[in-house]
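Labels for the chains are A, B, C and D, by order of writing; each one numbers its residues from 1.
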Amino acid sequence: MDQVGLYPVLFTSVALFMIGAAGVLSRRNALIVLMCIELMLNSVNLAFVGFARHLGQADGHVFAIFVMAVAAAEAAVGLALVILLFRHKASVDLENFTMLKG
Amino acid sequence: MLHAVIFYFFAIMTILAGLAVVTRRSPIAAAIALVVTFFFQASLYVLLDAHFVAVAQILVYAGAIMVLFIFVMMLLNLRGSDPGTLPHIPGRALAGLAVAGLVGTGLVVSLEGLRMMDMGPAPDDFGTIEQVGALIFNGTYLLPFEVASVLLTVAMVGAVVLAKREV
Amino acid sequence: MNPALLSLVPLFPLLGVIVIALLNRRASRLVAGGIATAMVGLSALVSFWTLWTLVSSHGQTPMLYTRLYQWISVGHLHVDIAFLADPLSAVMMCVVTGVGALIHLYSIGYMDDPADADSTWRFFAYMNLFVFAMLLLVMGDNFLLMFVGWEGVGLCSYLLIGFWYTNTDFAKAGKKAFIANRVGDFSFLLGVFMLFWALGDQATLTFAQLQDTLVAQPQLVGGSGGTLVTAIALLLFGGATGKSAQIPLFVWLPDAMAGPTPVSALIHAATMVTSGIYMICRLNFLFVMSPVAMGVIATIGALTAFFAATVALTQTDIKKVLAYSTVSQLGYMFLGVGVGAFTAGTFHLITHAFFKALLFLGAGAVIHSLHHQQDMRHMGGLLKYMKITGVTMIVAWLAIIGFPGFSGFFSKDEILWLTFSANPAQIALFGPEFPLPKILWIIGAVTAVLTAFYMSRLIFLTFFGDYRGGHSDADAAADGHGHGHAPPHEVSPLMWVPLAALALLAMGGGLINLPHWLPSGEMSGGLHHFLAPVFANSAPYLSFDGADESLEMPIMGITLVMVFIAVMVPWFLYLKKPGDLDETRRELVPDLLYRGSLNKWWIDELYQAAIIGPILVGSRHFLWAIVDAQLIDGAVNGVASAMSGLSSGYSRFIQDGRVQTYALVLAAGAAVLVFAFAVGG
Amino acid sequence: MNHLLSLVTFLPLIGALVVFVSPKGTAKWLALAVSLLTFVVSVPLWFLYDPAAHGLAGWETFQLVDGPYPWIADLGISYTVGIDGISLLLVLLTTLLTPLVIYSSMSSIHKKVGQYMGFMLILETAMLGSFVALDTFLFYVFWELMLIPMYFIIGVWGGPNRVYAALKFFIYTLVGSLLMLIAIVALYVFHFQQFGFWSASILDLYNVALPFRTEALLFAAFVLAFAIKVPMFPLHTWLPDAHVQAPTGGSVILAGVMLKLGTYGFLRFAMPLFPQATHEYGGVIAGLAAIGIVYGALVAMAQDDMKKLVAYSSVSHMGVIMLGLFALNTEGVSGSVYQMLNHGLSTGALFLLVGIIYERRHTREIAEYGGLATSMPKYSFVLLVVAFSSIGLPGLNGFIGEALSLLGAFHTHPVATVVGTSGVIFGAVYMLWMVQRVVFGPLTIEANKTMPDLTGREIAYLAPILVLIVVMGVAPGPILAKLEPSVDRLLVQVNSQVDLLAQPDVAGGQR
């Protein structure tokens, strides 16, 4: 990895992060939105690992593990919510859920 | 030199898989694309000498979370999103890209102080489970580890309460 | 005479007003008229008593002064309600109350029209109020009290002109009079302000103090000939033009004939219109300090005289002719006062009050007996029917044209001579050497000729020739178009007694100021000696040596001959060869001139188009509609609608209930922050 | 420490509370009784106030002071009320006009009479409070309190589109007064910085020295707030709408007293607090006032609604008052205060008269009337007298105020005064034109023939104003005597700081 350097890793991480964000904001299907959130969290992990490797300390890996834990919890709750939404309006299309309208 | 080529290959494949997740119309296809992304990501971890994290990535993400997703999709027996309307809102996609891009470049630019080029060879036991385990259990991360476990239990109970049918 | 009695003079008419007003409708014509005339008569008595005290004292008691109470005292301004009677005021008081009393007596007879039965009390109340206001003007010892009278007479003329208010034109005429006076008062007020502040810490509005200060320290107002004193003088003169109907503010006088004839006699002949001349005589020491202003006054006076005379030539309404003749004679007085001949101006004012009041009252008698017929073309040959009115009117006619021996002759010729012989330096409108006096004399002489022409035309059309208005009963049925009235009859004694009295005054008026060339011993120049102390301060500035003595007689001769010819022409035209009036006039006088004179050179139309029209249209369509409504209100409402637009826009785009939009906004905020910190460093 | 002033100020408020509660029948009589009582209680103020006994500094400048009771102690805000010659006269004007208005609106207001009377009394308290308050925050409270009842009076009992008018009136004045609040707080803070202790009383704030630029800013804020209230030329468009929609009683009080608060504000706050700015920008304000005079008069000519005509005429009259005020000499300011009283009386009477014929014919169009002199002689006489008083005919009250103001102003702003004096002509034009179309002329319209003349009640509430119009014209002595010492003291304050500036203007330099 010594020829590659940290920048490419960071660029991949940012790319993944941007794709995830675009997906979260633009997709109408709730499940896909949740997946894109997973994607964004992954990109963060990548950055952590990249820095860990660059600085030669394993702390980054510990953080990556913790991020995975949080991601799991978040996915569980998120899916529970999606089920609730589905039960409410038999659809997961977020456009139908605008009850918050001011 | 070979090392760099492999790295770039896996990096590009990860990004393409990520794009696939966002662009597939049906959630099933998106889920599979996501699994593929996880695998490529794991390989990137290996290249970065983060062996334990790579394995954990496969086990936790690909194994557990994606199974959960597939399970829920089966439960809600979605037959792909309804045909008529556009699956996504173009305007907001661009906005999302712009915003995330802004954040990303902002961060990367602020790092220009670090000497970025050569990382030098990693020590032999770097990234193995022993090192990470040592760090967590007798090092500084013991408390966060315990908190993470509490978090997971709470999430589990929450998910059950939310999703169970009224009795 | 105890000076405190002085305040009785104005108080009597005020008492009259209050009593008649309280009696209201219950006072019949005779009762109200009686009270009114009695009150004015009483104040006339006191006035004559004052005059007698001053005359008999031969200069020992220069003036009588009485102070009632302090009116306004703020900062430098200390003004009292106080009356003074110096020779000038005494003379004016006697004219106002004397002629006033006669006119009140006359109007008891005149207002016998049953239609006005229940409003005659209002008429007499206004007349008394008018005399009260005029006395305030004449006897006030300071500018503000004089101004109270000044506007008070304006108010009364508004009420009296519009007396028959049910006719909108009369009401409009009253309004026009008041507004024209108001324009004059605007300039008068500015003059007073300028004078007040020019005097610095010796600021005073009392005439006596003002005279002492200015005579002692002329440099306060920039010394004689200074621009400041000229500005003050011209502004004050502006007020006079408004009140005494000179160019450019004379337009209201002809329309003021809408009021009953006694009103015209009292207000528009004898008293109110003379207040401008009184003011200038009262402030002679100020006006004399600015030759330019004197020049302006004299020139405007002469021009007004000439201009009004040209218009009077062709008027067919008897009262209009007299109205323009008044404007013209006032022009004479201003000419006299303008060249510095204050005594001559006052003398002409007095004689004019007598014969013009007589002319108006005579015309009133004629109109009254012809049942409100004012058009001269329907009169003629009235001498046979109305002996006394005819004779008195002829006396007045002889007086006004300046027939030797009558009062008009002495006063007018003295003005003309003094104008001719005035030293050009004292009216230096176009520079000290410019022979302005000679030119003004020429205008004056020509006007005298015109006066003779239109007055003779009036007399011949009215009293001589054959009666053209509704023949006697016998032929009334025959020609059918006649008015079928009874033939004109002589008026009741109530009306012709004042006429006779005024006729005597018109004849004997000249005695009070006989010219020096007449061998009359100490009688000659009576008024001149009497008023000398009042005009003492202006004397040093004036000299009348422009032409040597010997010229006076020949000049008088020339004017007399021209006047005689001017009398013969209408005699020949209207009596000797009556023929068709229009046809003879057409080939004699170019048509444009005739029509111009008939329509008073379209002055009213000019004012309407140039000043009144634009103001009305401008204010309605521009000021109110555009500036007020669109500009200001538009701006205010515009701001309001912009605010509401902003808020609705916000809620439509951002507050749309979709979670992702909120997420985007959140992310955007975070991004900006991160970027700021990252870049900002 | 006598409490007469506080009693006078709060008596109407107590009355209002009682009136709100009392049944409809007795409400109006009770309200009348309370307002008359307030007037009776306020009369001794005239005799207790001794113009001679005045010191030049500190508390002596004001008399009958109801001492500083701490209100918000640690912020230095206290309840202090007191009067000098000027506020004494304005207080008396208020206590005189209110009973007349209540008595006159007894016949014209039929729905919810209780509330109307209650609001009128609250309004009276607010106005009295504003005139007597010697603490800026207390003044501000009363100043804002005044808006609420007026808003309801116009909003509830007004004409067709009363809501727009009431709203416009409310927002216009509120915007102005918020700016004023900012300025007051700023001044209050500057005072603390300079003197180390918190105090909101006028007298302490009078001797706060400010750099010129700050002083100009604060002055601008105060001027805007009061200019809206006066109203001055560009900010006057709320007045005609408010008057046309307001009930008769409302517009009499609005024109009679509330407009005076604008000029009183200049007199008590804007000018003495910021002497340098007053001298610097006096010319601008005088110019605006002169434009206001001519503009108001010209636009009044174009009106065919009587109330709008009178509204624009009061814009013109207030212009004369402002011109006199900024003459900054004894004659000008005394004339201007005297004209405030005159305007209160004559315009108040004009609105009452318009209200009388509005009650009979329910129209304000001038064209609808004509020839009232024959059918209503008494009414025509009163209208004529009041019209001539408002034109400023010498012998009546209008002349003295106008002449003195213009005389004084001529000395300091000659050009503006010449323009302003021309207002005298236009004043005569629109007023006489209205009088001629309403009173004179033939009696053509049928309805006018049968209109009853003034009833005893109407004469009762017009008579005091008529008597005052004549008396104040013939004998202004006593009022001017009460007035002049206070005016001199004000001028000492306004002209004092400026002398320091004899040397070249130290713009922005800390003094």
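The definition used in the following text is that a residue touches a chain if its C-beta (ideal position, glycine included) is under 8 Å from a C-beta of that chain, and two chains touch if they have at least 3 such contacts.
For clarity, every value in this text was computed on a predicted model and none was experimentally measured.
Looking at B-C and A-C side by side, the one with more C-beta contacts is B-C. Taking the mean of C-alpha positions as each chain's centre, the chain lying farthest from the centre of chain D is B. Separating the centre of chain A from that of chain D, both taken as means of CA atoms, is a distance of 70 Å.
The geometric centre of chain B is 106 Å away from that of chain C, both derived from CA atoms. Note on chain placement: the centre of chain B and the centre of chain D lie 76 Å apart, centres being C-alpha means. Centre-to-centre spacing of chain A and chain C amounts to 100 Å, using the average Cα coordinate of each chain. Chain B has residues 89, 92, 95-96, 99-100, 103, 105, 107 in contact with two or more other chains.
Across the assembly, chain C contributes residues 660, 664, 667 that each touch 2 or more other chains.
Residues of chain D in contact with at least two other chains: none. Pairwise, the chains that make contact are A-B, A-C, B-C, C-D. By the touch rule above, chain C contacts chain A in their complex via residues 651, 655-660, 662-664, 667. Contact residues on chain C toward chain D in their complex (touch as defined above): 69-77, 144, 147-148, 150-152, 155, 158, 162, 165-168, 171-172, 174-175, 178-179, 182-183, 185-186, 189-190, 192-194, 196-197, 615-616, 618-621, 623-624, 627-628, 632-633, 636. The part of chain B that touches chain A in the complex is made up of residues 1, 3-4, 7-8, 11, 14-15, 18-19, 21-22, 24, 27, 30-31, 34, 37-38, 41, 44-45, 47-50, 52-53, 56-57, 60-61, 64-65, 68-69, 72-73, 75-76, 78, 81-82, 85-90, 92-97, 99-101, 103-105, 107-108, 111, 114, 116-123, 126-127, 131-132, 135-136, 141, 144-145, 148, 151-152, 154-156, 158-160, 162-163.
Against chain B, in their complex, chain A makes its touches with residues 1-12, 14-29, 31-32, 34-36, 38-39, 42, 45-46, 49-50, 52-54, 56, 58-62, 64-66, 68-77, 79-84, 86, 91-93, 95. The residues of chain B lying in touch with chain C in their complex are 89, 92, 95-96, 99-100, 102-103, 105-107, 109-110.
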